[in-house]
Amino acid sequence: MRLNKNQLIQNFVEVRRETQCLCDPLEIEDYGVQPMEDASPPKWHLAHTTWFFEVFVLKPHVEKYVGFNEQYKYLFNSYYDGVGERYPRSARGNLSRPTVAEVMEYRSYVDQKMEEILLAGPSEEIERLVILGLEHEKQHQELILTDLKFNLGHNPLRPAYRNNLIPPQSDCSESNLDFIVFDGGMKKTGVFPREVDFCFDNETPKHRVWIDEFAIASRLVTNGEYLHFIEEEGYKKPTLWLSEGWSSVQNEHLEAPEYWYKKGDVWFEYTLGGGKELDLNLPVTHVSFYEADAFARWSGARLPTEFEWEAVASTRMIEINEANLMNSDRLHPESAKNVTDISQLFGDCWEWTSSNYRPYPGYKALEGTLGEYNGKFMSNQMVLRGGSCVTSNNHIRDTYRNFFYPADRWQFSGIRLAKDV
Amino acid sequence: MRLNKNQLIQNFVEVRRETQCLCDPLEIEDYGVQPMEDASPPKWHLAHTTWFFEVFVLKPHVEKYVGFNEQYKYLFNSYYDGVGERYPRSARGNLSRPTVAEVMEYRSYVDQKMEEILLAGPSEEIERLVILGLEHEKQHQELILTDLKFNLGHNPLRPAYRNNLIPPQSDCSESNLDFIVFDGGMKKTGVFPREVDFCFDNETPKHRVWIDEFAIASRLVTNGEYLHFIEEEGYKKPTLWLSEGWSSVQNEHLEAPEYWYKKGDVWFEYTLGGGKELDLNLPVTHVSFYEADAFARWSGARLPTEFEWEAVASTRMIEINEANLMNSDRLHPESAKNVTDISQLFGDCWEWTSSNYRPYPGYKALEGTLGEYNGKFMSNQMVLRGGSCVTSNNHIRDTYRNFFYPADRWQFSGIRLAKDV
Amino acid sequence: MRLNKNQLIQNFVEVRRETQCLCDPLEIEDYGVQPMEDASPPKWHLAHTTWFFEVFVLKPHVEKYVGFNEQYKYLFNSYYDGVGERYPRSARGNLSRPTVAEVMEYRSYVDQKMEEILLAGPSEEIERLVILGLEHEKQHQELILTDLKFNLGHNPLRPAYRNNLIPPQSDCSESNLDFIVFDGGMKKTGVFPREVDFCFDNETPKHRVWIDEFAIASRLVTNGEYLHFIEEEGYKKPTLWLSEGWSSVQNEHLEAPEYWYKKGDVWFEYTLGGGKELDLNLPVTHVSFYEADAFARWSGARLPTEFEWEAVASTRMIEINEANLMNSDRLHPESAKNVTDISQLFGDCWEWTSSNYRPYPGYKALEGTLGEYNGKFMSNQMVLRGGSCVTSNNHIRDTYRNFFYPADRWQFSGIRLAKDV
Amino acid sequence: MRLNKNQLIQNFVEVRRETQCLCDPLEIEDYGVQPMEDASPPKWHLAHTTWFFEVFVLKPHVEKYVGFNEQYKYLFNSYYDGVGERYPRSARGNLSRPTVAEVMEYRSYVDQKMEEILLAGPSEEIERLVILGLEHEKQHQELILTDLKFNLGHNPLRPAYRNNLIPPQSDCSESNLDFIVFDGGMKKTGVFPREVDFCFDNETPKHRVWIDEFAIASRLVTNGEYLHFIEEEGYKKPTLWLSEGWSSVQNEHLEAPEYWYKKGDVWFEYTLGGGKELDLNLPVTHVSFYEADAFARWSGARLPTEFEWEAVASTRMIEINEANLMNSDRLHPESAKNVTDISQLFGDCWEWTSSNYRPYPGYKALEGTLGEYNGKFMSNQMVLRGGSCVTSNNHIRDTYRNFFYPADRWQFSGIRLAKDV
């Protein structure tokens, strides 16, 4: 199903503008910092998403295209070996040049060329690449926010990213955690590209999976529940942890989720709106897979598989419309709205599953260099599902597979429990 | 199903003796070396397998049991947090004391106490622990050989472990590699403990898995086929590799399997019988998961899942009797015997699967400290199936799940290809 | 000898302004980058030099002094354990806040308070501290330039710091390198504080040293001479090197001085004015002690001791007035002006001596926390003498002892040869 | 001055035998362990000292000499780049082969060839090399003992090297620590080779040094005095330490000298005779330069320079005869015998000086590959003087310069204080 031309242009303009809007609250100094290897500077995200269109659309498809700056091919390549050498990932924070103004000029230059192509009526091939480029850019919108949070949240001054965010709803009146039973059976998982406007290759192909009967929690685990785990010495009992999780607890002296800190006896949490006293009703977030797994074991439960999760979510796609995503302008998870049924499947926090990120049966990566987009990362990572409070509204769906290393904590990652029946 | 008393005693004596026999060809100097963290010294294996019986059988079940040496509880604990502190794993090669003679004395002391218990008629609980202890010891028999190979094979003098091994059969007359198609469908994977004499907890419970139709290679990949991959610059093309595999190629300057080396233009392979000119008919071994995966991609194939593998193997358990296992006294993989059907499923080389080592649905670890045996390692590792030429004869089966990190190469790990149909 | 009040105020204003002027050519983005641990961001230098006055003058000496921001005490402490905890040195580049504007405000705030004190007529104690603070700030002026050079020079875009620098004189007409003989004898080295307006504690006390007759080179080693060393495979012959120097060559793959690079067969050198084709007449700079020592050995010479150097320099203090220092506005070493006698003793490049940085006999560190200024670094470093093309004009003298680790290359460090007679 | 032929043969036989005698108390297992990079296995020392004679005497001077094993040239090269490639130093503990028996055979083989040369009447050149080889072997005798101590002393079982050592004298009746004043003046330091039977190149040439009047402690610092430093929180006060010393305290969690340990409230010390309750009268040993320097600062004193030390020692060479050296068969420092004058200058503990290990003015390394013996280590190390309780009797002298890194603690290194007058 093809978009009409105007729709595509409008999408292009909106997504590209949205990325820049996210940076409006920043000081120039905030654009360049890389406080850990995973947390790239906003300036790099702004340039790399532009590079994507230049390298995959303009260079191969525009005759005599003249690049904005030939060195950018090297500087802003993220990980595509097929494109050539690249600047070391860990040193992105060392690049004081190009300046923010130059990167914005780069964006304008590429945007103008792109708009010319789109106005001229792009081929199906180009349309496909543009849509991929926009979904790619939405992923980087989320990363801009999580990487900024890491930067600002680890600065001893703990500055807020924005002071005018909408406070997340915190409702303690209906806090019971229920486990809701789902039938087992043969399920369809994943998607065929021809059936949808867009999907990533790692969601394909649709295939059958057998699932046993299971129960899944009606909502995410809260700060209050997680604090209980801490107070019961969860971080001091090796038998609750996977072996590598326990190593991470010891080597990194973990005692609480990322961004929690104590003043005297009071727990606080750094948010994109600044430091706040810990709200026990809100979902716990910024926990690693190891922490999620240990918490689940301590609770007498487990994490769901990605197939269980998708089986549940596939019947509740409608809820995406009310989900707490980036455009809700909270940029923080909030308490469950409806606790008589499953809630919070979409938005709020990415949910760690117990599934490794591996190819689906029959998986084929995209052809050519874009085949490096997803497939080559299918080792040592875990699948997360459902999007978060900083995920773009038109980006998430039931089949969407996100993936991070089990020790990663800088994403908005939370915990949904499951149980055997 | 319980063993009769005499059978258990006989098993105990035989397995314990077998471990020591494996060390007979060694010089005293060979018992203590740990050339990398994973490759523990034989002396440590001899002591740790004894520690296992002392800590899990004698101490809890023999009244007023007096330990051989109270510090051994600390020195020879491998990874059981529930038992207490332990000597650092990476420093096992630093322990010149206890001497080999003292460790042998320790073995005699514990063996005698164990035999007293077994003669007295052990409880079902003790019997269960003894059987586990013997299976544990068989695992360490394999490790003694792989760890010794690492030690001797990385010594510039390249001494043989034994000079009187039976040469592996090398048959080039029937070398065609066929892909044999198997029906998909709902399969049973794993085992219920009550149905077998013994199984590890990680093989349980039996459960249903849906598998699509697939094809599997009739034999293991050979040195000749792998050499072709090398000559076609497989180690120089990043797009053949998972991202972390490519990093390992670059960081460790990988160019060939572990133990391959070149003199002039001729390839050699270090074996437990010493260095040999590379035999192109023999199965390639000592490759990492990353190498297996890259080779498969280059071949236009893939690795099988552990479920596919088990579906095939479960119908061919009879072949274990003719498999090239430790007791074949070759200690090296040999060429396929029967190439009109699937061969080499058991013995020769552990076969990397594309499956992550994760708990089966409904998995429960053993109770108490022994729960640390398997479950806590269920992250970041891959499943290997089928046993190798250094696996004890009565140890392997169709449901057996071995697991190593994807970069590991010091085990006898090889490649069986599979394909979608 | 005390300065009159107006002189001190004038000095204060000028030095503080000079530091900021050095940053005028910068983009905001350049202020925050720390491309290696030793190369601190300009913003940090601007704040730390201000912190110095706040912590050592204002807080102890101004009643009810209210700090600009209490967290700055922690953020901008360089290494004074006596002041308390400090932000990790290696993470200075992660601090996007305070912004440059905020740091400039901090400077204004402290400057105003300082000027109030100075106008009011400072005590002798305060005067002493202010003078120390200004000399401290001059040291950081040099570091701002060397750290910026490292940042910009390692950016693949290689931007110039300034495009309007005066080109260094390059004169090949009088290039002979002479060795000039000096008598040995009992020499006075160092200084008594009471005899000078200012000196650092590490230059004290004046003491006697016996020196044998020696010869010293009339000028610095040139790029041309050093290139000869490279072409004669100096970087490939271990016997030319100290053992640790050879390790650094191998581990860091050294082949030339820092900032040299090749395009095709042509050597270039990055300078603060941008990349330039290598000028063979200019002094070689940005070499480590190990490189200087290896070059000297290859030349059949050696490096001078700091005592030999000082014996020569103490008779030629007049030349400071014509030296190529920061205010010459070249910011790069230039060729020797006068080759009939010793030249280039001051300015151009710091000269590695063969002397370890150790306390002089009878050395006493400053009292209190300021005792940490110099003395605690007196291990593992080598003494350099004479100042460089980025040293402040009123900062260098014959007794001045600079010190860096023998592997350091990011300072303007060069080579003067000496010989036994 | 040349030795007569028989004297040289006798020396050769005795020194070579002495090395092996030191290993008599060992288990075979003890010969191969390398618990840290600096602490080489005894087997390696036995082979390397033999390699020295083979490579520097037999190969160049015996026509058609056939080496014992051609790979030993590579395996047992310590650090001579001029000899060729070498086995990595950090992996010496991984070599289970050659066995101890094979290494002993190697020794016999080379000894026999050497004795043939010596009987035939060696040239002056060979004689010079043999003497150097024997002094080299005496250095390794000391290292065998210090490296063994590290191995056995870090084994949780803490086995004794020998149980029949003579207990060190511990005399508390005359424990006053006096500072004895020495005149300053122009001193001669070092030696001319022609004036002595033997010296290392690093002791040459004799040269003049000016020394100011100073005072030096009559004896070494005791365990009791050092314990006082610990109890007064010496390890918790950064201002007592050099900056890098303080880093080592924090990074390695130092709280006491190497080999001290506590049971309950009681301090113990591991010695080559096993663990002993700490004897407060004995000299403190196994401290780093940083610890010695911090202790001196805390005491209001300083360490002597190597020139001060030599000025004192050169007038007391006679005391070597009564010194507590290796042949005293204590292998541990003992209390001062004579406290009315300077004592303990020779033997007991190596004394850290405040002098960096640098070449003397006019220093020339030996010609050829043997030039790598000493000179290339002249960076980043400190000089120690006087020998220790494990130094060979005929090996130490007033001009002898030993050198170790300032953080090293595994040698018998102690503290003698000095003061300005």
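A, B, C and D are the chain letters, set down in written order, and residue numbers restart from 1 in every chain.
Criterion: a contact is a pair of C-beta atoms (placed from the backbone, for glycine too) under 8 Å apart; a residue touches a chain by one contact, two chains touch by 3 or more.
None of the values given here were measured: they were computed from a predicted structure.
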Farthest chain (mean CA position) relative to chain A: D
Centre distance in Å when chain A and chain C are each reduced to the mean of their C-alpha atoms: 46
Separation of chain A from chain B, taking each centre as the mean of its C-alpha atoms, in whole Å: 38
Inter-chain centre distance, chain B versus chain C - centres from mean C-alpha coordinates, in Å: 59
Multi-chain contact sites of chain C, meaning residues that touch two or more partners: none
Contact graph of the chains (line, ring, star, complete, other): ring
Touching chain combinations (by label order): A-B, A-C, B-D, C-D
In the complex, chain D residues that touch chain C: 79, 81-82, 186, 207-210, 212, 238-239, 241-246, 289-290, 305, 354-356, 358-359, 361-362, 371-372, 376-380, 406, 420
Chain C-touching residues of chain A, taken from the complex the two chains share: 27-35, 43, 71, 74-75, 87, 91, 93-100, 151-152, 154-157, 159
